[in-house]
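Each in structure tokens, the structures are laid out below.
Both of the next two complexes hold chain A, though its partner changes from chain B to chain C.
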Partner chain A sequence: MGDIWEGLRAAAWLLISFDADLYEITLRSLRVTVSALFISCLIAMPLGALLVLRRFWARRFVIAMLNALMGLPPVVVGLVVYLMLSRSGPFGVLNLLFTPTAMIIAQVVIITPLIASITHQALRDLWSEYHDLLISLNTSLGQRVRTLLWDGRRNLLTAALAGFGRAIGEVGAIMVVGGNIDHATRVLTTAIALETGKGDFAMALGLGMVLIGLAVTVNLTIHWLTGTERAGRW
Partner chain B sequence: MIRRIFTTLAAIFVFATPSISEELKLAVTTSFHNSGLSDILLPALFEDTGIEAQLLVVGTGQALRLGQAGDVDAILVHSRAAEDAFIAAGFATHRREIMYNDFVLIGPAADPAQAGQAHNVTEALWAVSSGAAPFVSRGDDSGTHKREASLWENAGIQPETADWYRATGSGMGAALNTAAGIDAYILSDRASWLNFGNKAGLLLVFEGDEALFNQYAYLPINPELHPHAKSDLAAQLENWLTSERAQSLIDAYEIDGEKLFTFNATR
Partner chain C sequence: MVKALFPLTLKEASVKRRGKTLAGPIDLALNRDGITIVMGPNGAGKTTLLRMMHGIDRLSTGSVTWAVPDTVARAQQAFVFQTPVILRRTVLENLAYPLHLIGMAKKEAEKRALQACADIGLSGHEGLRATRLSGGEKQKLALARALIRNPQVLFLDEPCANLDGPSTREIEALLNQAKLRDTGIIMSTHSIGQAQRLANTVIFMHKGALVEHSPSSVFFETPQTPQATAFLKGDILE
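After this line comes the complex of A and B, so read on.
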């Protein structure tokens, strides 16, 4: 219990004293995760919509795979991305290992199946409502995808926030591909792992509080900006 | 609205890549970093040479793998046999000894196995093997783990199957946390132990045997094997690490009045 109290105090002190390192790693956490989330959404949301609209022979298989990959172990993703980007690997010449870009790649792999699955789930229900209308209007595939994505945007927001949550708290993959290099690839989660290793639990917990606070702030901000849960809008 | 949020965020985050100065990637053992010595040396290195050494803090086994793959430009490790094999395989051009410290046996303050009364490390390990308290092993192929394995072998004990032997497969700090949690014995390098923040009920129970000597060496990666390796920066770093400036910094570094490392490079 004493350690938890110390952690709260450490978190408060870090915030009040405008600790430069803290702001640096917090911003890097945000930068990596938001970039990964943005790229993932670009891939996963149209993919989820296509899986609703298109009927092809491997559809069921692809959906089952996406559902299974939602539980992809991050440390395995990290290892595979490491082997790909390593100097001895196929993409070694790109010199991306131990950079934020490598961390973004790993996180995209981790959260894309999650976002695609939730998107597919949400849009399938919407499609059953819109099916007759969109078919009778003789819309093209592109128009249908756009309509579903736009009208299902609130559910897609949930998908994106789930992806954000999984990515911002992830440590296994980015530790392997980022290397936790100070001032280069250190983010909140890897810094927490480092401080725990040093036995400095107060600092580790303090950083943890900052991480939780960050996730809450981002979620609240997005809900506030998009005006959910207001009178008359469900 | 959502679209606008997305485009703004994308503009801010995706395209904001930092510029890069003279950087060198150095894989180091956890003790070099956990002891706090790197926080003293790296700023001084940057001041003197303009080199920004980016540390990858890993175990010796993983450091050697990173060097072998060419993912780092040089490594700083502490496991003589593995280093010699690394050079023999042509992955590094040579090996330069930088500094040393020693390993210490940590255990519960009450010392239930009476390891503290041993005259040498072999006797201490015999005492530990009585099983009066668990023993936590790094179990991660690090330099410390390799040394521990060879000490057990010298003592004629095969601990892997014993029920008091707990292999954690984690770094020095995490293993120390485990030992603190279950009141166990553990072999640690002195620097990591002194700088460890969660000592709980643990104390240093045995030290001072020659077999516990711990030499740190610097190995630059062979540029013939990995042409992209920054061998000129690695050579500059080697010169600096063996300079008088580095010597005074290493020898002066203390925690709680105890000296952690002793410089012993030959110029």
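After this line comes the complex of A and C, so read on.
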């Protein structure tokens, strides 16, 4: 018990004293995750809408792929991205391995299926509601996509927050492709793993508190949004 | 002046789903003649007939043709569904939506939407979430939204089902105004009283078939078929 209290006190001190390392790592975590989230949303949300609106031949295949990818252990994603980016891999010339960009790529691969899948489910219900009207009004495919994405925006926000939660807490894949290099690719989760291994519980706990704080904020927001969703009864 | 859509011609038109014939084969020629009322018992195929005229139900056989090409015709039509489809937006945004779709400037669209909102007595509710409106208000909103592009043809599928007397009267007043503006109206209803108040022409459906198509005076005074006679007498049709 003593160890933990000691650690918590030290961690709190790191937080309020604006410890440079801790803030650098936190900021990098946010930068990587927010970038990945942004790219994923750009891919996943229109994709989810298209899966609802279009009965193309590969539709079932794409949905099956999304579900399969969602179940994939992140470490395996990390391994595949590693092989792609490693010097002998197809994208080796880009020299991206062990950079934040590599970590962003891995996170995009991990959360895009999740966001696309939630988007697909939410918009499917909305489309069955809107179907007759939008057909009757002679809307183009683009107008349908935009209408669904706009009117379903609360659900999409929930999808994005779920993606954020998954990405910010991920450790396996970004450890593999980022390498946890100090001042370069070290983020909250990989740093916690390292500091714990070294026995520096103050730092590990400080980082952990930040991570928990972020996760709680995100989950409360989701909870509040889905709550107002039901109460608002759009 | 936009080129006239009528006459509307159905040739051997039918809709089948999973081997079952929902309506048809129907042969019919319809001229612009004020309000055409489609009547018939539940499941007679009224909704199906309206939807295939509008072109949102795929035909299994035959054809539905207007006097102009299909795409031109569709742009001049509007449809109010049996259960109104309300967008998860404000009342005003619901009204402006069809105008935005055709690229009308925001200012102009908003001006027209505000006017339409006043016309249906929902002034002061512009910013309200439309899904919170009462059933009757939703029905009026759907009607106003359908009228906002000034369609040449307006389809309505039982617009007054579940509405009380005053709401029904308001809707009928809006329909009569539209008729005066030369909008051709094709509408289904269960209410014989409403049909008598509004109809210029009656189409009577039974078991997916078009049984009778007559001017309303003829239909209500001297129906030509035993089914229509029985229906008007209040008998329950098998």
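Just so it is clear, the second predicted complex is superposed on the first by the 205 of 234 C-alpha atoms of A that agree within 3 Å, B and C clash if a C-alpha of one lies under 4 Å from a C-alpha of the other, contacts with A are read in each partner's own complex, and residues count from 1 in each chain.
The rule we apply is simple: contacts are C-beta pairs under 8 Å (C-beta built on N, C-alpha and C of every residue); 3 or more make two chains touch, one makes a residue touch a chain.
Values in this document were obtained by computation on a predicted structure and should not be read as measured data.
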Chain B versus chain C as contact partner of A:Glu129, first or second or both or neither: second
Which superposed partner A:Leu214 touches (first chain B, second chain C, both, neither): neither
First (chain B), second (chain C), both or neither touched by A:Arg87: first
First (chain B), second (chain C), both or neither touched by A:Leu137: second
Touching partner for A:Leu15 - first (chain B), second (chain C), both, neither: neither
Partner chain(s) touched by A:Leu149 [first = chain B, second = chain C, both, neither]: neither
Chain C-contacting residues of chain A that also contact chain B: none
Complex contact set, residues of chain C against chain A: 54, 56, 74-75, 77-79, 81, 85, 87-89, 97-98, 101, 129, 131-132
Sites on chain A touched by chain B in the complex: 30-31, 34-35, 38-39, 41, 86-89, 92, 95, 97-98, 100-101, 153, 157, 179-184, 194, 196-201, 222, 225-227
Contact footprint of chain A on chain B as seen in their complex: 1-2, 5-6, 9-10, 12-14, 16-17, 25, 30, 34, 54-57, 68-71, 171-174, 176-177, 180, 195-199, 226, 228
Chain C-touching residues of chain A, taken from the complex the two chains share: 126, 129-130, 132-133, 135-139, 143, 147, 151, 232-234
